[in-house]
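Right, one structure below, let's go through it.
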Amino acid sequence: MHILLVNPNSTASMTSQVLESAIRVAYPTTRVTAVNPLETPVSIEGGADEAMAVPGMLSEIRKGELQGVNAYVIACFDDPGLHAAREIARGPVIGICQAAVQVAMTISRRFTVITTLPRSIPIIEDLVTAYGADHHCRNVRAINLPVLGLDEDPVEAERLLVCEIEKAKLEDRAEAIVLGCAGMSLLCERLSTATGTPVIDGVTAAVKLAEALVGAGYMTSKVNGYDFPRIKSSPLASDIEHLSNLA
Amino acid sequence: MHILLVNPNSTASMTSQVLESAIRVAYPTTRVTAVNPLETPVSIEGGADEAMAVPGMLSEIRKGELQGVNAYVIACFDDPGLHAAREIARGPVIGICQAAVQVAMTISRRFTVITTLPRSIPIIEDLVTAYGADHHCRNVRAINLPVLGLDEDPVEAERLLVCEIEKAKLEDRAEAIVLGCAGMSLLCERLSTATGTPVIDGVTAAVKLAEALVGAGYMTSKVNGYDFPRIKSSPLASDIEHLSNLA
Amino acid sequence: MHILLVNPNSTASMTSQVLESAIRVAYPTTRVTAVNPLETPVSIEGGADEAMAVPGMLSEIRKGELQGVNAYVIACFDDPGLHAAREIARGPVIGICQAAVQVAMTISRRFTVITTLPRSIPIIEDLVTAYGADHHCRNVRAINLPVLGLDEDPVEAERLLVCEIEKAKLEDRAEAIVLGCAGMSLLCERLSTATGTPVIDGVTAAVKLAEALVGAGYMTSKVNGYDFPRIKSSPLASDIEHLSNLA
Amino acid sequence: MHILLVNPNSTASMTSQVLESAIRVAYPTTRVTAVNPLETPVSIEGGADEAMAVPGMLSEIRKGELQGVNAYVIACFDDPGLHAAREIARGPVIGICQAAVQVAMTISRRFTVITTLPRSIPIIEDLVTAYGADHHCRNVRAINLPVLGLDEDPVEAERLLVCEIEKAKLEDRAEAIVLGCAGMSLLCERLSTATGTPVIDGVTAAVKLAEALVGAGYMTSKVNGYDFPRIKSSPLASDIEHLSNLA
Amino acid sequence: MHILLVNPNSTASMTSQVLESAIRVAYPTTRVTAVNPLETPVSIEGGADEAMAVPGMLSEIRKGELQGVNAYVIACFDDPGLHAAREIARGPVIGICQAAVQVAMTISRRFTVITTLPRSIPIIEDLVTAYGADHHCRNVRAINLPVLGLDEDPVEAERLLVCEIEKAKLEDRAEAIVLGCAGMSLLCERLSTATGTPVIDGVTAAVKLAEALVGAGYMTSKVNGYDFPRIKSSPLASDIEHLSNLA
Amino acid sequence: MHILLVNPNSTASMTSQVLESAIRVAYPTTRVTAVNPLETPVSIEGGADEAMAVPGMLSEIRKGELQGVNAYVIACFDDPGLHAAREIARGPVIGICQAAVQVAMTISRRFTVITTLPRSIPIIEDLVTAYGADHHCRNVRAINLPVLGLDEDPVEAERLLVCEIEKAKLEDRAEAIVLGCAGMSLLCERLSTATGTPVIDGVTAAVKLAEALVGAGYMTSKVNGYDFPRIKSSPLASDIEHLSNLA
């Protein structure tokens, strides 16, 4: 079984961290590889970063299809391009946010997500709603540290996360914590130990769910919604592309 | 890794079918066992059957805890006693309805559930709502065959299911089908082949998710909602138990 | 008219308190009786307690059916086994949580529930959602006192409840308070007087709704969802009940 | 105990029918009176009719307050002016739609509403949503007969209703039927007998709930949302009332 | 194009303020007029005030229909009688709450509403829900100043509003503010400047949306829900209007 | 005022149609221009097409910012990249789906959307949910014609649309119709006339809303969710981009 992790941003150190997290939990017989596009933003912080990263990410998935990849993990907590990727892939495509939310709904009754920057809070709230976890998710919090700040000062990142987890337990009555950024992946176990609370890292969750789905023989449905994109013949090349009513 | 499947009803033939489905997809290193209580209804058709089955099911889980079981699968599509079981177990407890719904939300945009008797339709609709799949689930349908009828006349059961799946594709625009009864488990592959549509069996889904959660190291959160039941000293035995205002 | 209150736990002092609350408000022509099973937990604190209490509770309802009981009140705020009980009974079955929520939605625009232990908060939240009161319920709070603690130290219980009601008015803008435990029943009037706020006790609410439904001639619908449990012939006694893939 | 039924329309024959329905089920010790304003529409069919009826209805409630009325029933299925009435009254105010919905949620898992004209369907759907019964209400249907048509040709009305109830059972899997117009009140028992299905009339339901709430001592909360209207001193009489930017 | 603003309360100074706000933003070719009924409450604070104001407001709209008005704006944040008005008018009818909410959902991901008295909070929350903005609206706050207090002490009103906007930014993470009272209209620009946050006044929003809808040629649909009220012949004048079961 | 319509696909004939629709309704003083990227799919049918179109679309918006564009309309009914575009633009960005839904909620109580291919149905359903119109939208239908088919055979397209609108009125009780594809824009008026039902074209709606928002002075909030993308310094160019656990 071959699982391909696609980190949609272009920061290779995050790609290798994500791979490290995946390898820790994958079955030895699972082939896990990780890739990132080269021309995408160095981190995904908001919708514009997402949009600029998705075509490169889809390109990696198209390559994966030629290589016989069995399942894909999108290694960014905004799950950018998740629906698009499922149209392209034959096997399952797992978003780390959706995976983490599904695990959190299984091992706890109420959870809180902790992410990096406040600007991601409404994005993650909307994902949580789309994944049906509105009643299970108590809160989405941010430690106000940019994504790459996790890598630059991991000690401070850990301190901020421990502090925010304690607040989530006290103020939100959170029973489990979901880490809202792929870059927090390697801190997961330490945070769980430090706070005595289950802490869920989406990369770990997604890799194991990918193995599970492939192992059960599930493929992405090609009936209607996730069908392959239609191949369209191009119309005549247009020589006008900017039109106006007021010359 | 030891996964225990608990069939809450007392029909051993269903227990062995469920085990067969599980073994087909489990990793060879996973120990899978299956058990059913002896004093519970022969099938679970409605809330009263559920209620009568749960204490026996919990008793099997308590035994499992002593044996070091790592995760449990409740092999009945009503997910009876799911929250109660999670209070008792240290490891994850997977309901086959919740597992199937999570898979269906991952490999399709819209799905339909097909169950046995119409009386189970509102029960399953309420579960789908609780699991956050209201917008993904197009319909819950019934073939109007009792649970044990699946076993007594599997040819007729398969014919009815194929017919209902075709209706679900046409009338509901279903992109995937969830089988709404553990007893349909062994038909899953044939139905998928016959209809050209992904068909999801909850037992298969749950066993693989159980492996995934144990493999990732997740345990049921013991913070608040799923904490172990409190041990309570009994008050003085009451010698009156029936009281009335009108002698 | 005969209304039977079933206290699902085995603490007879709570049964008699509940009966006292009921008698205070019942019409003199209503026969009110109360019963508790003997083999159930001494208090219901969480899903496992609920599950262990329900079969005994259903057994009392089956006895009630033979005695011509007209309506039942389940005297525990988790409404354990409510759907199961409705399958068994011909007359209406009222859960004290659902009753209190319906009253609160009628006499106020926004209310808060106050229960005993924090572990019951997500259970009650899920009930409030199921009863359609998500937009009316501001909050579910806990005074962090076990159920039997209400009986052991009623002065402290009252003090904690008054304090929490004041917080609910201030922080939640609660317009009415729902008491989230049958054991708080007798405190209801004192709490309302002390805080100048309508305080709703589920036992009182449920008894009056039971009288209302019986008085109007309503019976539980036996069409589909709440139909009587099917009577099933037992398959051959199974001589295997524990199966495994790894001998 | 004095319960006042206010029929918001000005058709006295409907007022007397509503009173007849109420008297059938009220306790003999309950004083039930019924009134309708004189200057309101002859029937309530849509939002404009509602709006024109409410001030007259509130005026009757204000009179009721002077007479010591204990609870009010608004005898129109659109529940017109329900929130306004609760601000004015000290005792509970019951809308027949809300009452019927609460009963339907208690004695069945899924119900269908049947009203007069199609234009009322979205109004009733919005009420059902506001009362939290979205998941319990399968459908809102109309027999396409004006409100006063019920009175003019009761035989045809009954035939149309029986036919629509049968459709609701077959197509909606409805387990109970709610009659969506006060004018259908007297047909309730015959419809239930003819179709073998619980049929709920809002007038009956509301009168019994009103008795229940008064009997339990509940009053409308005067904290915040349903507080009495503030008494405001009038500003200086304005001598301009039509203003424009373009002379 | 003729747009008529109807202020449902009888305070002419508010009518002229509302007109001033409208004229500031209307196209010079748009004819904007404003009117208030004479016999309605001096301010709308709660459901009873709304109910008493609506018939007078509808009467102004009926006059507007005779004068060829193209669109109406209901200049009260509770959107009183909005559905009724749409039944009467041929052109679009815009409620200032709905207009402001639609703008807020377009220019921000999350917003907070700030109104006058706390009693209006649940009313506005219910409107926000009805307009589909539950997930976008973080909070509804009140400055605890009566409607006419805005006019009597505009300096204090502005101070209270600035203070509450700052709290909304900090505690709610609000990205935009909706002013929850027509009487706050003229403060809008100053508040936005003072707090560095988009502040949305419903009157402004509604006038521009009215122009937009008329400009695009949209009329209120007369299919079903917003069809004109049916004209009904009156039944025989009833000589009894108060009926009772207990002479 | 300068409004820029961005057609995210590369079919210039659609761009000019969209501009034609816009010019018909824009104020003469509004400068309306239209553009499409050159390297994007020829039509947007599904999530993968969307993803491939968005970076080119954002690039046009970035150019627009340099030219002082006041508001943008995204002229594709899937509203691709709407949140991303709002991060980049200072002025409002209007999606034609959101605009059409807002109009439909204002001029009718219940509407149906009609799109091209069935694969777009779940995408549009999810948008309708996100825009808060779940209770107002009766159905999303498809005429099963590819986007470019609208242009190739407009007679057949019109016939299919009329037929589907009639079904929507009859089966969905739709009170208004929303056209679910920018390419249907020019048919809008003819469809409305042919069916006697308000038909809403998103391009028309969006252009008028854009004028309204600019006219009122609204800008996209730069507080949190729609703040400009952060400018990030690139880390050292990574020389590894494909990593694996199994050499």
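Letters A, B, C, D, E and F mark the chains as written, and numbering starts fresh at 1 in each.
The rule is short, and it goes like this: a residue touches a chain if its C-beta (ideal position, glycine included) is under 8 Å from a C-beta of that chain, and two chains touch if they have at least 3 such contacts.
These figures come from a predicted structure and were not determined experimentally.
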Margin query: Spelling it out: a chain qualifies if it touches chain C and also touches chain D; which chains qualify?
Written below: B, E
Next item on the list: Please identify each chain that touches chain A as well as chain B.
Entry: C, F
Item checked: Interchain contact steps from chain B to chain C (minimum; 1 if touching) -> 1
Notebook entry, point to check: Which chain's centre, taken as the mean of its Cα atoms, is farthest from the centre of chain C?
Noted result: F
Notebook entry, point to check: Which whole number of Å gives the spacing of the CA centres of chain A and chain D?
Noted result: 50
Margin query: Counting only Cα atoms for the centres, state how far chain D is from chain E in Å.
Written below: 26
Margin query: I need the residues of chain E touching at least two other chains; which ones are they?
Written below: 83, 86, 109-110, 118, 121-122, 126, 130, 135, 173, 224-225
Checklist line | Chain-chain contacts as defined at top | finding: A-B, A-C, A-E, A-F, B-C, B-D, B-F, C-D, C-E, D-E, D-F, E-F
Item checked: Sites on chain F touched by chain A in the complex -> 10-13, 15-16, 19, 22-23, 26, 31-38, 41-43, 45-52, 54-55, 58, 81, 83-84, 86-88, 118-119, 121-123, 126, 130, 146, 148, 224-225, 227, 229-230, 232-235, 238-246
Margin query: Which residues of chain A touch chain C once you look at their complex with the stated criterion?
Written below: 109-110, 135, 173
Notebook entry, point to check: Can you name the residues of chain C that touch chain A in the complex?
Noted result: 118, 121-122, 125-126, 129
Notebook entry, point to check: Quick one: in the complex, what on chain B touches chain A?
Noted result: 25, 27, 83, 86, 92, 94, 98, 102-103, 105-110, 130-136, 169, 173-176, 196-198, 200, 204-205, 207-209, 211-213, 215-221, 223-226
